[in-house]
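Structure provided below as structure tokens; questions to follow.
Chains: A, B, C and D, in written order; residue numbering restarts at 1 for each.
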Amino acid sequence: MKKAELRHIRKIFETRGDAGEEVRSVAALDDVTLTFNPGEIHAILGENGAGKSTLVHILSGLHRPTSGVIAIGDSVFNAVTPSQAIGNGIAMVHQRPLLCDELTVTENILLGSPGFLARKPKAAEKIRAAADAWGIELDLSRKTHTLSAAERFYAALLGALLRSPDLLILDEPASILAAGEHERFFTALRAHCSNGLGAVLITHRVAEAVRWSDRVSVLREGKLLYSGAAKTLDELERMIDPEGLASRTARLALASDQKEGQACKIGTDGTAGLSVRDLSASPPNRTPLSGLTFCAPPGKITAIYGLPGSGLSTLEDALSGMLRCTSGSLATSAAVLEASEVAPSALRKAGLACVPSNRTWRGSNPELAIGHMLCAYRMPRFISSKNEAEVFAKKILEDERINAPLSRKTSTLSGGQLQRLVLDRELAEKPSVLVLSEPEWGLDIKSAAALRLKLAQAAQEGTAVLVLTDNPDSFRDPSFFSNVLVMEEGVLI
Amino acid sequence: MKRNNLKRITATGAVLIALTAAVSILSVSCAKKTAEPDDASAAENAQNSNRERVIAVFVPGIVSGSPVYEMLVSGVEKAVDEAAGAGANVRLQVIEAGTKQADWGAKMTTLASSANYALIVSSNPALPEIVDPISKQFPAQKFVIFDSYFEGNPAVTTFRYNQREQAYLSGYMAALVSTSGMESANKDKKIGLVAGQEYPAMLNVILPAFLEGAKAVDPEFEVDFRVVGNWYDAAKGAELARAMNEAGVDVIMPISGGANQGVVAAAKEKGFYVAWFDDNGYAKAPGRVVSSSIMAQERLAYEKTRDWINGSLAEGTPGTVGIADGYVDFVSDDPLYVEHVPAALREKQEALLAKLKSGELVLTVK
Amino acid sequence: MNAFAEFALGPFSSLWHAGNLLDKAGLLMFASTGAAFALKSGTFNLGGEAQIYASALVTAMILSTPSAVAAAELAGSGGSAGPALFFFALACALALAAGGLLGFIPGELKARFGASELLTSFLLSAALLPVIDFLIAGPLRDEGKNLLATPAIADAFRMRSLLPPSLMNASFFLACGTATVAALFLSRTRAGYRLSVAGTAPEFARFAGFPVKRITVAGMTASGALHGLAGFFAIVGTWFMCHQGLSSGMGWSALAIALIARHNPLAVIPASLLYAWIESASDIAVLSSRVSFDSTAIVQGVIFLFISAKLPIAGQLRAVLKKRRAR
Amino acid sequence: MNGVFSAFTGVLDSLLPAASPLLLASLGALVSEHAGVLAVFMDGAINFGGFVCIAVTGATGSPLAGVAAAIALTVLLLFAVSRFTERTGANPFLTALSVNLLSSGATSLSSSALFGTRGTVALADFSGLDLRLWYFPASLAAAAAVSFFLQRTLAGISLRAAGSAPEALAARGGDPGKYRTLSWCIAAFFAACAGSMLTLDLGAWVPNVSAGRGWTALAAVYLGYKNPWLCAAAVLAFAGAEYATNILQGLGRMPATIILGLPYALALVVFALVPQRKQ
């Protein structure tokens, strides 16, 4: 088992602005030196954009450092390629697992392995053995586009494990796994690490780091603040969020709270908020919805919690109109829509806005200009050079302190920035209902707190906020929600 | 938002032009070799007080692989060489205009407008109609166009072949072979014609005359007429020929450019016979090609160009040439023909030829 | 160097050549604006050839109907130009409709059945080309002549040459205008914005409630109609009759130009000019028998190779240009 | 009964060999399609391969050497163009189109240099190979090989990933560009085989002998949902339609030229009506 080391790593990204703007350099990593030992779980903490992902991408060969070296065992590299990284025992499981949708699980796992023939039965045997060792259940012959998020994570994990790595990099694994699975997974990881496997765990969940890791490193704005034995929760949280934004939110939520304590009665109040009646849908290869009836009252924040595979993602698609429902209806203060009428445009007319879980491709698109992404609902019929839409978009960027020209592609934004912009865009429509799917997914404590502030504000202004989440951590502060519903196998229980 | 884009476009534009330039240098410098003799002769001419006359051969297609145009070019070439050898200051330039008919007009205009050419020679039934309006724009430009017929323009002189005679000869021989006892002939009174495309001369003259010739052997004869759709799909030509053979056709006349090769290949494989058209084709498949009715395009092009250089050509009138004056003929002295076609058939064909030559049988074209 | 200059400057050596270059560029511009339009909306129109051909045939047919001929005679003999104008406009409208229809069908098949428009537009084109060939060679041919073409349209319907004797006419400016309008439509209207968003980000467009299917159909239909415009002007401005094989190669050239222009209708203008220049230069080189067809094919092939390549030289040039501008 | 049977075998006799070059071509297009490359170069590559095959067969007298040279040179040409495309980030559609232009120019130039003609180059005393019977079985075997390659070899799996998820492949240490180039080379291999089959069958090379088969092959890839066996079925359907139109022409009921468009019209109808697989 080898030890891996990053020495004096510096990574500069160059961003180009609009015409006339000079090329600016942003240091994503600034002189970072870190050691990853075998047999250890090494957690890397930091807020969004602190450089956690860049750091492990350099280690796994997806990025080239601007300066500094990478030492693996006895070899020293200026930079590694992905295949060098794999060859030297470094395997990574990405936050959004990089899988080829057209291939089966087995084929995905075999992808990139040496040799000529793909001995699938033999490979499947090996994969199954690894899966058993980690307590993973997965149908290996399925094409990966039919898998749930957690299954995709497992597929990617098995792919990494089959390269028998010395060092396993895990990018935010917990954001995908449900509570029970989470526990089982980390127990297995712990066990394997005690056999000598090294693990790098990127996470924004401080509690997770405290509970499972042997060593913690904290990054902030590209600089390494701390690296050493795990500290207490408080110490670490203070290090990451010195302004204490997170606790302020909790107080705010309590102050504005007029809890109902129980589910609103169905069908009594269809004139405001969102009321859903008997909604059913049966999309292929996914959990069906069978007769969902619930309501999200105005001025309240309602949550629906469900494990992956509970039908929560089907519900998201149904509520955003991306999926045709077979029966039922959906009502807001502005309109009553039968299942056959539910479509994105009809929903928007009815005053419903949505922040989808897939921000990259559905809520936005990497190829789109930021301005075009923000003005989706506000483009005037004829676009003059200084139009309201442009003013509107500039204002949002200004409010979010994102210094980027409108013509830049959204692919240059960090995940957190994108999430904030999508939310702002939807909120700006002053919706009577706002549906958010996994709003805190990938957000650090600070950003998550800011998000909650915004949601609370929107609720105070009378919007019915509906949060769909499979992350139990969302309920660390249960007072934030006025009502929590639980979904299982396509029904609310 | 667009400014960035524009800048990129301008930059790429500039690069493109630079690159095009570089590539063109390469390619044109390769072509320069052919250009040199021209330059040399041009310099010579400058010293010569005798004004040079350039004859252009305008090829509405591509010379190579097309017997009609190959014969045209070599005929004109022969006349020009001969005249130049005798001290006349004439020169030849061959211009290929490609197969797209819509472009011929513009290309012909380019030639006419350049006023560089004393005479433009060409060959295609459709050309006079393209040339006529151009000629009105440039009345000084003279044209001689073979394989076509046009009246009423003093600057345009046309000659057409009696293709009815030519196709009649083929049809007659094909029917003779089909009814003979030759090993691959069958009982069906069916012969075939494979055309590249349907066009007026084909539908109005060649196809009917081919049938007419066959019916002269036996009135029960039919012609199986099929079309390839282009002038190059040889595999389709072969498929069509096979299908025709299955349907009882034992002699096929291909008039389909490059696709003729497909018919020949199918004939070798399946063992039916081929009637060749326009030039001598016996050697294409010895023993399989049983007929070659030709037009003497090379001779005609040579003679008329020679006459024009000498100033003895009757300009502005259309002429029709045929068997009687020897511009349409049947190749009967090829050893392969003599070897593979039974004497009885050859005699009958000779008799027909004699009747046509003597005027006993008259086949006029409209 | 001399030979190169001859090749490169050939198209500008006379009004005749230069005018024809502009005329060719104009026709290509209509068609490649159409191709760019389809690409922008996220579709691939491989049926351009038949769209041009069919519209050209329709134009030639309308303008040679007895009543159109009579109207042209009336206008020609000093009478009212009204009826002639009517037929001219009718032909234009029907050409647009014919091209549009041939774009609409693959678009609708995609929207309704999810059939790849890449394939359906190609198949539709391949199925129609022989039919049009047949119509021109057979029933619609000018019987009195040996041309494989429809009867020529009357003088009154022909666009006047602006650079006599060349073919160049107002259609070139109309083409530039069309490309500009298309560019403005895409960048300055909501419909154009939605069309290009649906093209680059289909899932986002669907999520945002844009009528993605309608946009697909509209993009393909507009693409077809713009190809149709090329067919229309090919008849009234360039050839005055519909020859067999009139559109051969034009559809593919248009697609290549649209790709060179990176789907941007405004960039289609210089790209068409560049393309027409290369073609004209090759043609002239062949006509003056400097080079053979083969070498021009190779030159064009090499240009195609390099035309979209991001070579290091390009980057350097860009840097130089930028420095200059900064100064 | 016997008559029907012999008619049927007659149909197969002409149908299957005619379908074979098309099947080979569509297998090539299929592989490149899987790697995310739209194989618009097929037509030019078939012509190029066919020419090399006839030229070398003529020079050496051995069709085997002809086929081998055809494969080698066609693969080399497309390899070079593909590397160029990858290295310079050029638009692959345009560079692929350039192959068609280069092929027509190069074959024509070398034809006039080697044989003094730019037209038909017929091999004297060469009457086609007596292998027609084997064309179709060989092509089917190629389909099996392609299917095996795509499904059962690691390179095949990587090639498919290079087309649908290049970033996933890159993260696993594979180079998508390398696999795209591989796909060009495989397409070149099949194009050369198809070209050789066409020209050896004719015993000659004819300019533009491929006559659009490269495009039809591309269409067959879509009709066959990118599956080798379904592609074979699509090719058979195409060839069947073509065969039917050849027969139809003989009946003389319909203008011959219109009939030429029927296979495409038929394919269009079939493709529009058959339900599409969801992406």
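We adopt the following convention: a residue touches a chain if its C-beta (ideal position, glycine included) is under 8 Å from a C-beta of that chain, and two chains touch if they have at least 3 such contacts.
Here the structure is a predicted model, which is why all the values come from computation and not from measurement.
Ranked by separation of Cα centres from subunit A, the top chain is B.
Interface comparison, A-D versus C-D: the pair with the greater number of contacting C-beta pairs is C-D.
Each chain gets one centre point, the mean of its Cα atoms, and the points for subunit A and subunit D are 45 Å apart.
Subunit C and subunit D have Cα centroids separated by 30 Å. Inter-chain spacing, taken between the CA centroids of subunit B and subunit D, is 32 Å. Taking each chain's centre as the average of its CA atoms, subunit A and subunit B sit 72 Å apart. Counting partners per residue, subunit A has no residue that reaches two or more other chains.
Across the assembly, subunit B contributes 1-2, 7, 62, 197-198, 229 as residues in contact with two or more other chains. Annotation for subunit D: residues 112, 118, 212, 255, 257, 260, 278 touch two or more other chains. On the side of subunit C, the complex with subunit D involves touching residues 109, 113-116, 118-120, 122-124, 126-131, 133-134, 137-138, 252, 256, 259-260, 292-298, 300-311.
Chain contact summary for the complex, subunit D toward subunit A: residues 151-158, 160-161, 163-165, 167-174, 278.
Those residues of subunit C lying in contact with subunit B across their complex are 1, 3-4, 6-8, 14, 16-17, 20, 130, 133-134, 137-138, 141, 145-149, 165, 167, 187, 239, 243-246, 248-249, 260-262, 264, 266-267, 270, 274, 278, 281, 283-287, 289-293, 295-296, 298-299, 302-303, 306-307, 311, 313-314, 317-318, 321. Within the complex formed with subunit C, the subunit D residues making contact are 81, 84, 88-91, 93-95, 97-102, 104-106, 108-109, 112, 118, 212, 215, 219, 222-223, 255, 257-262, 264-265, 267-268, 271-273, 275-276, 278-279. Listing the residues of subunit B that touch subunit C in their complex gives 1-2, 5-21, 23-25, 27-32, 34-35, 62, 93-102, 105-107, 109-111, 113, 125-126, 128-130, 137, 148, 197-201, 229.
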